[in-house]
Amino acid sequence: MTLKKLKEEVWKANLELAKSGLVIFSWGNVSGINRAEGLIVIKPSGIEYDVLKVDDMVVVDFNENIIEGTKRPSSDTATHIELYKNFPEIGGITHTHSAYATSFAQACKEIPCLGTTHADAFNGSVPVTRFLSKEEVEIDYEKNTGKVIVERFKNLNPNAIPAVLVAGHAPFCWGKSASDSVKNSVILERTAFMALNTLQLNSKIKELPEYILQKHFSRKHGPNAYYGQIKK
Amino acid sequence: MTLKKLKEEVWKANLELAKSGLVIFSWGNVSGINRAEGLIVIKPSGIEYDVLKVDDMVVVDFNENIIEGTKRPSSDTATHIELYKNFPEIGGITHTHSAYATSFAQACKEIPCLGTTHADAFNGSVPVTRFLSKEEVEIDYEKNTGKVIVERFKNLNPNAIPAVLVAGHAPFCWGKSASDSVKNSVILERTAFMALNTLQLNSKIKELPEYILQKHFSRKHGPNAYYGQIKK
Amino acid sequence: MTLKKLKEEVWKANLELAKSGLVIFSWGNVSGINRAEGLIVIKPSGIEYDVLKVDDMVVVDFNENIIEGTKRPSSDTATHIELYKNFPEIGGITHTHSAYATSFAQACKEIPCLGTTHADAFNGSVPVTRFLSKEEVEIDYEKNTGKVIVERFKNLNPNAIPAVLVAGHAPFCWGKSASDSVKNSVILERTAFMALNTLQLNSKIKELPEYILQKHFSRKHGPNAYYGQIKK
Amino acid sequence: MTLKKLKEEVWKANLELAKSGLVIFSWGNVSGINRAEGLIVIKPSGIEYDVLKVDDMVVVDFNENIIEGTKRPSSDTATHIELYKNFPEIGGITHTHSAYATSFAQACKEIPCLGTTHADAFNGSVPVTRFLSKEEVEIDYEKNTGKVIVERFKNLNPNAIPAVLVAGHAPFCWGKSASDSVKNSVILERTAFMALNTLQLNSKIKELPEYILQKHFSRKHGPNAYYGQIKK
C-alpha cells in the first residue's frame, strides 16, 4: 500500500471512529502502519473530527520523527509506536475513552469473556495493565504506556486478543488495519457494556465454557472460519 | 405467499431490524418461512444491512440446501431450521445480540414477568436454555443450538412465549411473520432493560400477579382481544 | 375551546409524545378534555404515531360512548375518564410505558423527591398504587385502574403531583392540557432515571429538605412564581 | 471583546449546550462576562433553545440590573453573578441538570478522580456543597447558592477544578469563556457517567494515583502543555 493510500485509509478510519459515537470533541485517535517503509500515519493532536482533512494526517517513523505533515501528531503517538514495534502483525491501532470500556479500566478490572459476542472478537478476557510507576509517568509517559501494555501481553497473543485496558486510563485496540482496529473498539465497548449488566444481574456468573469460546472465535477467525462470504 | 413475496418481506424485516438499533455491523439475522413449499428465506452471512439487497436473500430447504441465491446463508441457518421444524405455527425468526436481552442470556437468568409491558407480549418468563455440551458444540453446533431451545420449550408454548435466551449467547425471537419476530425482538429488549432496572431498585420484587399477566396477554392476543382496531 | 381545536391539540400532543422517545410502536396515548361539553378526545387504539391523522382522534363522553370518529378509542380510555371525573382541574392525560418510570412501577417503589429537578415539577414523591385485585382486573379492568389511582390520591393533591405509578404497570401523568401532560411525562422519566442512579450511588440518601422542595415548586408553580417570562 | 460580540458568543454557547443533549425544554443556562465593563450576558428565563435569538440574551450588571434586553434573565442569574465576583479569572458559566452529574449532586457525593479522562479536565475530585439552610433558601436563594459554592471552594482553585455539584440540586461549570464552560459541562457529565459505572464494577476502587492525575492535567493545562496544536 502506498503512503498516500494509507493516509486516506487512516483518515477514513478516524471518521468512522467519530461516527461510531465512541469519542467526543477531539478525543481518541487512529493510526495505521506501512510495515515495508516503517512509517506510521496518525491523527494530529487536538483536531476535532468534523474539520479533519486527509492532509492533516501526520506521518512519523519509529523514532517519532515527522516525515510528512504540518501538524503535531497525536500526543499518544509514542504509545502507538511501541505497540507496532512489539506486535509485528498488527496494521492499525485505535485509542478511545469509550465510556464502558474506560469504566472497566478505571475499576482496574479485566473484561471477562461472558458470552459469544465477546468470544466472536476476543479469545479470552480483555486484560488490564498495572499502573505506571511515578518514574514511568514522569519521563517518556506515552512510550511507557506502550511498554506496560506489551509487558501485560507477555503470555498473551495480541492477534487473538486485539484490545487492552490501561489501568486508570482507557482502552487501546488494534487489528489488521486502521479500520479493523476501529471495529474492534466498537465491539469492545459493546462487550464491556454487556459485561457490566451481566455482572449486575449475576455477580457470581462464571466465564463462558472454554469450548464455546473457542468455537465462536474460530468460527470467525480460525483457519476453517465459516462466518461471512467466501473471500475471492 | 409466493417465494418472491416472502423474499421481499424477509428483506424488509431485516432492514427493520437494522433500523431498530438492536444490531451493529452485519450482526443478527431474520428469516421467514413458506410452509406450503417447505422453504425458508434468510439473510446472507456477514453482509452489512446498508448494502443488503432483496436478491441477496438466500432460500434454503429443511436440509440446508440452497434453493435460490448466490450468497452463503446466515451461519445460524441450522438453528432457524430446527425451530421451524419443531414450532409448526411460527412464520418468522429473528436472532440478535441486543445488549440487555443478551446480558440476561450471559447471566443465565430468565427474564421474569415483572410488569404488563412484558405480559402484553410474553405469557410468562422468557426462559434461558442450558449450555450446550462440548460434543454438541463441536459437531453441528448451530443445529444443536436449535435443539436445546426446543428442549427448553418441552413444557412451554412457543406461540405464547415467542422468545428464548440461549445461555452465554443471546436471544432468538419468533412470531407469525418475519416482521412480527423483529417486533418481538424489540419488545424483548425493552422488557429486559426494564427488568434489569426493576431488579436493581428492588431485588426482592415478585413476579406480576398471574391474573394481571393473563388479563394483559389475552387483551392483546386472546380470542376476545380488544386492543387495536378490528381487523377487516 | 372548540372540539375541532381540542382534537388538533390532542393530536399534536400525541405526536410530541412520539417525538419524545418515551414510546415505541403504537404504545402510549394522550387525551384532552373539553369540560364545558363533557367530551374527551383520545388517541385511537393500536395506531402507530407516524400514520396518525387528526381525524383518527376519537371523541368520547363520560360513559365511553363514541361521539365522533370512526376508530376504536385507546383501550385505556376508561382509565382516562375516571381520572377526569375525579380530578376536576386537569385538562390532559398521558399514559406511557417509559422505561425508567415503568421500572419504578414494576418495583412497586415510589419515586422519592431527591432533588430540585423533581421538586420543580412534582410537589413530593410520585406515589405508586396498590395492585388491583383479581375481581378488579376481571371486570372493568381499565375503569378500576382509574379507581385505584384516585384511591391513592385520597390525601394527595393531583394538581401538585401530576403523576402516578400503577403497580406492575406503568405511569399516568396529567396536566393543565394534553401537551402539559406530555411534558410531565418527559420530566417524570428523567426524574426516575436520576432517582435510580442516585439510589445506586447512595442507597441511604434522604429526601430533599422540605424547604428546598417547596422553594423550587413554588418558584415555578406558586402564586409568586418567578421562573420564565411574564405571561401577558 | 465588545458587548455585541459577547452576546453572540453567549448565544452560540447556549445553542451548543442544547445540541450537547445535556438539557431538555428550556432547562439550563449559559452566561459570559465582559470584565472590563462589569457586564454579564445570560440566557433569558424559560425560553426554549430552538426559538432562542441572539437579541433575547439579557445583559445585567453585578447588581442584577438589566442593562440591555427585553426579557427577564435566567432565574439563576444571581448565582452566576456571585461566581463571577469571587472567581476573578473565569469568563463563562454553564448550569445544567445533566442526568449523571445531577445524580451525584442528589446523592451528595463528590465525583472522585478515577481516571485520566477526569484528570484531563479537573485537577481533583469535583466537590459537592452543603445544603443551603432554611434561611438561605427563603431569602436570596439564588445568591446564596452562589455563596455556598464559593464557600466550598475556600481551599480549592476554581481554575483547576472548573465544576461543582450543588447538594440536592445540580452542577455548575465554568471556564475561560462561555463556550469553554459548556465544554466542561459535557466532560463533567461523561466523567460522572464513568464514575458511576466504575463504582458499580468496583466499589472499593481508589482514586487515580496523584502523579498520574498531575501528569494528565498538566499535559493539557500546564505551562508546558503539549496536547493539541501550538497556538499561534
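When the chains are written out, they are named A, B, C and D in that same order, and each has its own residue count from 1.
Please note the rule applied: a residue touches a chain if its C-beta (ideal position, glycine included) is under 8 Å from a C-beta of that chain, and two chains touch if they have at least 3 such contacts.
These figures come from a predicted structure and were not determined experimentally.
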item	value
Whole-Å separation of chain centres (CA-atom averages), subunit B against subunit C	33
Cα-centroid distance, subunit B relative to subunit D, in whole angstrom	46
Contacts with two or more other chains, residues of subunit A listed in rising order	200
Pairwise touch network: line, ring, star, complete, or other	ring
All chain pairs that touch each other	A-B, A-D, B-C, C-D
Interfacial residue positions of subunit B with respect to subunit A in the complex	24-26, 44-47, 71-72, 75, 97, 99-100, 102-109, 131-132, 134, 137-138, 141, 168-170, 196, 199-200
For the subunit D and subunit A complex, residues of the former touching the latter	114-117, 183, 186, 190, 193-195, 197-198, 200-202, 205, 208-209, 211-212, 215, 219, 226-230
